[in-house]
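In the two complexes that follow, chain A is the common piece, with chain B as its partner first and chain C second.
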Partner chain A sequence: MEFDFSPVIDYLPVLLQGVGVTLLIGVAVAVMSVVGGQIVAVITLYTRKMVNWPLRFFIWLFMTTPLLLQLYFLYFGIGEWILIPAIVVGVLGLGFHYMAYNADIFIATIKSVSSGQYEASRSLGFGHLATLFYVVLPQAFNRALPQLSNNMIIMVKDISVLSAIGIGEMVYVSQYAISVTFRPFEFYITITVIYYLINLMMEAGQTWIERRAAYRS
Partner chain B sequence: MDFNLMIEIAPLLVQAAWVTVDISARALFFGFFIASALVVLRTSRIRPVRWLARAYISVVRGTPYFVQLLLIFYGGPAIGLRLDPFTCGVVVGAFNIGAYMSEAIRGAIESVDSGQNEASRSLGFGRLTTLQYIILPQAAGLMIRSVGVLAIILVKNSSLVSIISVVELTYQAQRLIGSTYKPLEVFTLSALMYIVIIYAVMGIVEFLYRRATRYTFL
Partner chain C sequence: MTQTTETPMVELKGVKKRFGDLEVLKGIDLRVDRGRIISIIGPSGSGKSTLLRSVNNLEVIDEGQILLDGVQVNRPDLKGLAFEKHINHIRQNMGMVFQHFNLFPHLSTLENVTLAPRKLKGVSTSIARELGMELLERVGLADKAQVYPSALSGGQKQRVAIARALAMQPKVMLFDEATSALDPELVEEVNRVMKGLAEEHMTMLIVTHEMAFARDVSDWAMFMDGGVVVEANTPEHLFSHPDQERTQHFLRKHLGTQG
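This part shows the complex of A and B:
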């Protein structure tokens, strides 16, 4: 069969809308998972085991079950009682999933900051929280950056899974376009290329951020 | 929660869980050979071969598994590549995990101090003998750890194969919901099964890791 990319060009505005949705979700999830992961990590590390076991259970649960199942659970399972809009479920589900992964990274990097830093800061008169905010967490964050950006690159690709609960991102709109035009190969190739381009940009961003972090420390 | 229903549908889900294990195990098996081949190609003396292997790894890692599945399954027939859903899941899974695994294997091999290689070569070992007796035993621990993580990711990714209608755990769960209208119970049960599978994988990885690092002091 011959390739005919003219339907792709016809549906380009729709596809670009899907790209926009993907990018918006990506930004929202990135902010939520990094901030949330940081909070989860700090609470897990600096409170008693009795207090933080729900959080450790949360990390464990999200790391051992597949994303698709988590989304179905949140959308269809919880939907038995309250129907949450798909987009909210999508952002929250993906956000929680990567929050667990990021928290795991933050826990490791916070532990890797030498305890001498903490003690020196305390003996200089900083309080416990001030030491955390000004001394320990910034250093831990710098060390977490490579793995964090790695996670975010994986996350952008996982946004495609959200099409399964009916969110109009890239894969969803292309599936719609395919059902009208019957041109699966052309559309899937196009979105593969778009994903790859997004990825290349994110990889460039990753090297830039890492170089800056190395310069600052 | 309707526990009677959960007991009733458990056998069906266990059967589907077996398909999940089956598809992941096959993908892991073939993926390992693809990964090894990629590692060899990446260190080839011929530049275009090296370049091709790197491009392949970069593209596979740069695009979603979801899209790769859809592309091969629905787009494949357009170029004469007609696969049944299960085979398609295994093939795409193997090629996908192979790219990630080749990086893991390369990382483990490169983590061995280059002095080991040089010392072994100067003692008269050949390239392959050095790899077999000196480099790989030392790299094995790290390799098993990182391949283990990838195996867990592979099991979790196998839930995506449900979109090309392979009757594995997630697809079976959806079918059961279609007939029982009890999403919470069914999804809870299937989540438990994933946890059991992944626990087993973690246990195997831990066992292999212990065995591989029996004689190494790190």
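This part shows the complex of A and C:
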């Protein structure tokens, strides 16, 4: 079998567009799931069980069902009533999915901040909320970083699942290119290399972030 | 202690505190005048730390009254947010130093010192920075301003913690076994800072195991055991000729192991 990468070169703009979509979705989902995860964790920890049970149910639901099912549910299920653009469904679906996982991490790391930290903050005159914002959450965030960045690396790969609802990310656009050029191998090799490069960069970022966080905790 | 007509800086009246069935403070009275330094000594579980923590409401007392400069600290009549507002205000006037330092690990040394003045008093970043550097200078750590707590020794951490408490310009400083977690060779540097404060007539309440230091620095010494003040006197008297047998026994044991 002969390799011919010239179709890949021809379709490079299309592929790069897919890379762009993947990265954009990745950033949106990362922001949504990290910010949302913290909010869910704080509400779960600091409100009464009666109030926060919907949130705990939400975490449980998203952690015990497959991502693909969640996406189908949001896109085709809810789509019966309201048509939501696929890209919105993709970001929300992945966002909620990883928000649940991140919330779980934040719950553990917020709990791990010692009572001495609360006392030191309160003794200076900070109230409950100020203590949470200035003292507890920054530390919980630093401690969560290793697991958070692991989650985000897995998340970027999971973006490929969004091809199932027709979002033009990397896998989807390469499928399209293959259907036209009939060169599956070359395209799959190319996007494998691109995924590898993205991962390499994320791991470098992870190492840097973790080293910084270790010094500050 | 000499009674004056001026409002005491800290006053405790019949303070009682229970943990479940255990009564850890059985009616404590104490008066600390402005600029005075009181040492509280006693065996573990005597209630001395609980007493100190009660002063700024880290422990909520069950009975009695605590006053800071004439203002009642414990306010059983205030609930929820009203009490929160009250106690936050009171605490801004009291500096507390803990056995385990409790520095904020995510902030640099300077940020540890400036956080409270910036966020609670609205002091501008540049002025807070000036104040913070001044305080770090005072505890001998100006060169560590940009360093994070993980890179400091125990003695340095505690000196930063003292600077952090001083940054709010408190009326009184509370020291809860400030040197107990330190290696012996690091105790002196912290004691030196505390002596410096004493010379500036800062009102201080010191819970300590350092008998020599307590004797040296304080105006008044209290021996607590079993939730009561067994004996209180000038340090010269309390440490050299204690009246009570329990005090004598404690000091013999403690000074014996120390020397």
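Descriptive notes on the structure:
In this text, the second predicted complex is superposed on the first by the 216 of 217 C-alpha atoms of A that agree within 3 Å, B and C clash if a C-alpha of one lies under 4 Å from a C-alpha of the other, contacts with A are read in each partner's own complex, and residues count from 1 in each chain.
Methods note: contacts are C-beta pairs under 8 Å (C-beta built on N, C-alpha and C of every residue); 3 or more make two chains touch, one makes a residue touch a chain.
Only a predicted model underlies this, so the values are computations on that prediction, with no experimental measurement involved.
Aligning the two structures on chain A places chain B and chain C next to each other without any clash. Shared-chain residue A:Tyr101: touches no atom of chain B or chain C. Residue contacts after overlaying the shared chain place A:Tyr172 against neither chain B nor chain C. In the superposition on chain A, A:Ala120 contacts chain C only, with no contact to chain B. Aligning both complexes on chain A leaves chain B and chain C separated at their closest CA atoms by 25 Å. Note: no residue of chain A belongs to the chain B contact set and to the chain C contact set alike, using the contact criterion stated above.
Chain A meets chain C in the complex at residues 114, 116-117, 119-128, 130, 134-135, 138-139, 142, 214-217.
Looking at the complex, you find that chain B touches chain A at residues 59, 61-68, 70-71, 74-75, 78-79, 155-160, 162-163, 170, 173-174, 177, 183-184, 187-188, 190-191, 194-195, 198-199.
Residue ranges on chain C touching chain A, taken from their complex, read 56, 58, 84-85, 88-89, 91-92, 94-96, 98, 100, 102-107, 115-116, 119-120, 148, 150-151, 161, 164-165, 168. Here chain A touches chain B in the complex through residues 1, 64-69, 72-73, 76-80, 157-161, 163-164, 171, 175, 178, 184-185, 188-189, 191-192, 195-196, 199-200, going by the rule given at the top.
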